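Shared between the two complexes below is chain A, which pairs with chain B and chain C, respectively.
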Partner chain A sequence: MDDRSFNNQRIHGMSDVVFECVLAYIHDSRDRQSISLVCRRLCELEAQTRKHVTIALCYTTTPKQLLRRFPFIESLKLKGKPRAAMYNLIPEDWGGFATPWVEELSKSFSCLKALHFRRMIVKDEDLELLARDRGHVLQVLKLDKCSGFSTDGLLHICSSCRNLKVLFLEESQVIEKDGGWLHELAMNNTQLEALNFYMTDLSQVSFNDLELIAKRCKSLVSVKIGDCEILDLVGFFRAAVSLEEFSGGCFNKQSEEYASLAYPPRLCRLGLNYMSTNEMPIVYPFASRLKKLDLLYALLDTEDHCVLLQRCPNLEVLEARNVIGDRGLEVLARSCKKMKRLRIERGADEQELEDEEGVVSQRGLTAIAQGCLDLEYIAVYVSDITNAALESMGMNLKNLCDFRMVLLDKEEVITDLPLDNGIRSLLSGCNKLRRFALYLRPGGLTDVGLTYIGQHSQNIRWMLLGYLGESDSGLLGFSRGCPSLQKLEVRGCCFSEKALAMAVLQLRSLRYLWVQGYRGSKTGFDLLTMARPFWNIEIIPPRKVNCGDGREMEHPAHILAYYSLAGPRTDFPPSVIPLASITQ
Partner chain B sequence: MSESSTIEIDFFSKKASDRRDIQGMISKINPELLKTAIASASANSFVANTSFSSSLQLQTPCNQNCGVVNMPVTVAPMTIFYNGTVSVFDVTSNQAESILKLAESVNSVSKNVVESTRVISNDLPMSRKRSLRMFLEKRKERHEAMSPYACSQGSTS
Partner chain C sequence: MSQGCDGPGDLNNRQWAENQKNINLHGPTQLTIFYKGMVNVYDDMSPEKAHAIMSLARNEARAQANAATPGTPVVDVVHVGQPMTKSSPMSIGTSTARDAPKEMSSFRRVIQSDVPQMREASLARFLQKRRERVMASAPYSSKPASSSAPNKEDHN
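Our next item is the complex of A and B:
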């Protein structure tokens, strides 16, 4: 205490010590931001006690700036490529390189224990450096939808990071050389709690190593793997006594062989890939315990969904393709009253491969609205929609924070367009909404409807607008509202460059804009209306992309604009052009 | 002039300097005949979308009357061919002008909308999330591999 009293300062009559104690309980970054603006001393204290930082776009700041501001962070999340990269719309070499960050993090951030890279390019050398300099303290490493590294890089991590609790590689594109990394992990680690290489193509892993990990890591709670025959995992399941979550695997053998499979007693989050009707009964013994179910990669039809969901009264999270159908959603609404998160993805387009009943429409949505009143997140691909269904959601789903709806383009005639009134009801009823995505078609929402969105989105921070509005005046009406909108994505709309630029100037919280599909001016100079200090503007010009099956597709231009403290990028690939260079 | 005989006045052969002569001749024509002639000429002039000019241009019959004579408010037949039907309406010149302007404006708007939707929907197909795309491809391969006809394409059952 003597050391402290030497430097003791008082803020409003209270010593630093008091504030330090209080700050330890404040975790929300917005609250901390407000505190840091009070006075210089509080800014310093807040900076010294900040444990976690999320940098929503890695080009908005530099590693040195992060070090100056928050030198003692224990956890960092960095995001690179625009979200559209998940839909193959962004060139692979766009950017988001982890290297400059890893170099500074390894050198200067002595407290760092958890690192999460999302949609970034990570090299084997980066992983080697991280393993060498931070290996002894690193507890969490998440390479989330990343690319650029191979199993050699993973080998370095697994050899050196003996305290690793979480290794997350989901959906990363990893160059596979062998399965040695998993063997190293099995040999060196007893602390592992979560292992995830789901939706990667890593197939040379040995199930013996998985079993060894399960035996040695008593706290192993979550395991999500790639395609590995389920029958080979019998030993693994027997050893993983603490396991609560499992996804992956596949069913290649005869259905009867799976009948006697025993699962860990606490298993309540499940995703069994390539599971078909005949294998479904293996889930029945513990279906009533299930809190999370992933059926995105299962081979079930509509009836199967109905039968299974009826047995899951404690379900809170469901992911499925639209093969679940309206009937499946009705069963869900009747049986699963604790639902919090629902995601319905788009199934195959070819009719033979999916159930005839496998369409979701206003019928299913209305059932969900009336039955699952605790719903916080819904993302759904619909084939048909009405204003009434949206109104029902606005009236009933008071806890909704995240709403995403895409209207599929298969059906020519939609029952009830435009959706102006339904969307207004939804937005004014669901006033806790923070994230909103609406992807329709021409005629889906008028300029009036788009203005409604602006008027009724007090708390929304992120929006995706797809094929909305009729003209620039819709966008301008929209941009007069949306007081909290920080990140805006626009696709397929008919807005001109000038209107987009003016909208940016009106949206007072906006710090990030992505657009694909717009009415370009002849020179491209209309965008300069939004030019201002600290605002980077980049263009990805139109390009031809190989679809893989011999076809070539023309991708229209993108605009990407964002606030940055780092000035323009210094690592532009040929496929991305900063606007400044166009004007020279 | 006798009532039974037909008077032919050839305005086209006259030169611009003979303006006063022409005006003199017009004033001697039966007023009812004149009204009809003017009304039919003015309807024609709307269809041809010519501008009113004060100078007489003998080459263009339409302008001839318009710059010199005050237009009486008469109705003339307007024939509209639409979608396989034919309709005839008696409209005034102002009404005819309004109808034609409306037709023109509707044309240009729909052209824009069609163009923009054509451009946008052709160039921006709905793209799929990568993970799902990979799964659907794999499932297709499994489906084809398990098909009884997978390896025997040429054989008959």
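Our next item is the complex of A and C:
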């Protein structure tokens, strides 16, 4: 218990100063959270020395509450829309508005140097305010999968934030008016270390400005751009002597013209967009230096992947489409023993557009399990799977923290379903797992298998369950376990509203739930079984969405529920309905 | 109608009633059966045959629903209706879902396979761009097609 004498600040007989010094070395937010619970004085000290805060959902608290609790933060990460927005499942106007945050941050957070908005709606006015009030101190700005702003907003940032080290816009939907913002950045900034407008449609940028940035910013280490002809970047590559990471651009000219292309000498993280077979030799001279390779947007077939990967013994991170095939994964397993992160995405459905060898199955996964023993992260779309492959992963991949597997619905018959035993082996073998996603089909995992997941997921904090289980009893068995589960996503399962509500009440660490596809009750109010103080419940009703090619798709209803200190939202769009929430 | 959670028996009863309506309205059509992860599609199934199969499965389902074990897997007997569309190859009961009135009670109609597999947004955009590139670049494009992937340039 702490000493309550007010004129002598001591905790357990030690002066404050001791704790202040020690706290500076403690960075993990969970450790800090524990410390802040010891006594009031330590809570205050911890709050005063906290440097970074991540708010996993911006509606769980308010800017004023953040200010009261952590007034001196230097870095803030805020997330808005549910993760499903990355799959085009969430209405664009759902929410996650940056405005109230930017207003308070600009006014009151005097130490703020780094700001990261993820899946939020950011307006030009927000960027203008930020630039005006924080421009002189802002070092990091990340607008990560955001929308709602234009290049005008960027112009404000680039004109005023002369100390900007990181400008990150990856996958944001930016309304493009011109390329002036990049020009401003080139004229005003010499501190830039990382520039990223990858997967945006910003195309009016000038490669001359890029070259100028490379010349003036000696510490430029990472550049990821949109579509821009690679040959136009020769000057840029020559100037960017410190560059270690590059992605983007495209190869539109004749293959021979690229023969003399010289990448910067320290380049070891590379994304080869629109590169096809004949341009691959450009990479060979330094392939052995490569630590990270992004082939998601390359135009390579299975054989190309095999040839290239064989030359990359130091590879640690690989992203590719499933065109890599089982054969490519076998080459990876043989040649790349240092692999830490592997992501295999789903390629085109039309057979003509991808190599017919381009399928991943238990064969490739088993090879990876046996060959890449240091693997920490794997996300993979498979066309076929067996329990044995999962068992092999459980036996061999002891460092695995993040496992995500989706079974594609192309093949009618899967070799070995249900996967109950394989999943159990995987989970009990990989006991460092923190994140887990399994997306199968009816019959893929029984209620028993779902209960196994609950029983063997001691440390898992986030899960996505897709088409798992057979009935409510599976979900209830699952929810008796999962002691650490904080965030749960459920899609395409057959659970009833009532079972979902009961599961929420049983999952003791749960603070966030997202569901799409469930058996609704007659009134729609069975969900209220989980009503309780500080628990917000929202529904996105079923809606029809244009697929872009004239067709319309039915999107079933969503349930979103989360703990919040802020009460119900006050900015609901028409597409989102709150269920009655009970606050204190 | 019972309040709260419907058991599999009740769901199948409602499906059964819908199916009877559909059978009477449509001629020979497609029957799809899900069982333990396998999908079997039967074209040109006559209404009488479909009726017989569903009757068999329904009796089976009812017997299991009455049994003591709650977690017994039940055959998902599927609606006789429109042939499966390419966009949602595993979709069942699409006719019923669309017909339900648009209010809270329409939630009860949501069945698991009505949730199609989606792609990550940036990847979907890339595949679309590539499709357009392939269609725009003719067989006589400036890029020679590599021998290992002859289809890259030929697709139209």
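The working rule: the second predicted complex is superposed on the first by the 572 of 584 C-alpha atoms of A that agree within 3 Å, B and C clash if a C-alpha of one lies under 4 Å from a C-alpha of the other, contacts with A are read in each partner's own complex, and residues count from 1 in each chain.
Basically, a residue touches a chain if its C-beta (ideal position, glycine included) is under 8 Å from a C-beta of that chain, and two chains touch if they have at least 3 such contacts.
Predicted model, so just to flag it, every value in this text is computed and none were measured.
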Identify whether chain B and chain C fit side by side or clash on chain A in the overlaid structures. clash
Report for A:N278: first if it touches chain B alone, second if chain C alone, otherwise both or neither. second
Which chain makes contact with more of the residues of chain A, chain B or else chain C? C
In the superposed arrangement, which partner chain does A:A348 touch: chain B (first), chain C (second), both, or neither? both
Using the superposition on chain A described above, determine whether A:M405 touches chain B (first), chain C (second), both, or neither. neither
After superposition on the shared chain, which partner residues are touched by A:Y297: those of chain B (first), chain C (second), both, or neither? both
Applying the touch criterion given at the start, work out whether A:S255 contacts chain B, chain C, both or neither, answering first, second, both or neither. second
Between chain B (first) and chain C (second), which, if any, makes contact with A:Q516: first, second, both or neither? both
Find the residues of chain A that appear in the contact set with chain B and again in the contact set with chain C. 86-89, 171, 199, 296-297, 299, 321, 345-348, 353, 406, 408-409, 439, 441-442, 467, 491-494, 516-517, 519, 553-554, 556
Touching chain A in the complex, chain C uses residues 1, 3-6, 8, 11, 34-39, 70-71, 73, 76, 87, 89-90, 94, 97-98, 102, 104-127, 130-131, 134, 142-144, 146, 148-149, 151-152, 154-155
Quick one: which bits of chain A touch chain C in the complex? Just the residue numbers, please. 86-89, 171, 199, 253-255, 276-278, 296-297, 299, 301, 303-304, 321, 345-348, 350, 352-353, 355, 406, 408-410, 412-414, 417-418, 439, 441-444, 446-448, 467, 470-474, 491-494, 496-499, 516-526, 541-542, 547, 551, 553-554, 556-557
Residue numbers on chain A that touch chain B, as the complex places them: 86-89, 171, 199, 273-274, 296-297, 299, 321, 345-348, 353, 406, 408-409, 439, 441-442, 467, 491-494, 516-517, 519, 553-554, 556
Give the list of chain B residues in touch with chain A in this complex. 113, 116-117, 120-121, 123-136, 139-140, 142-143
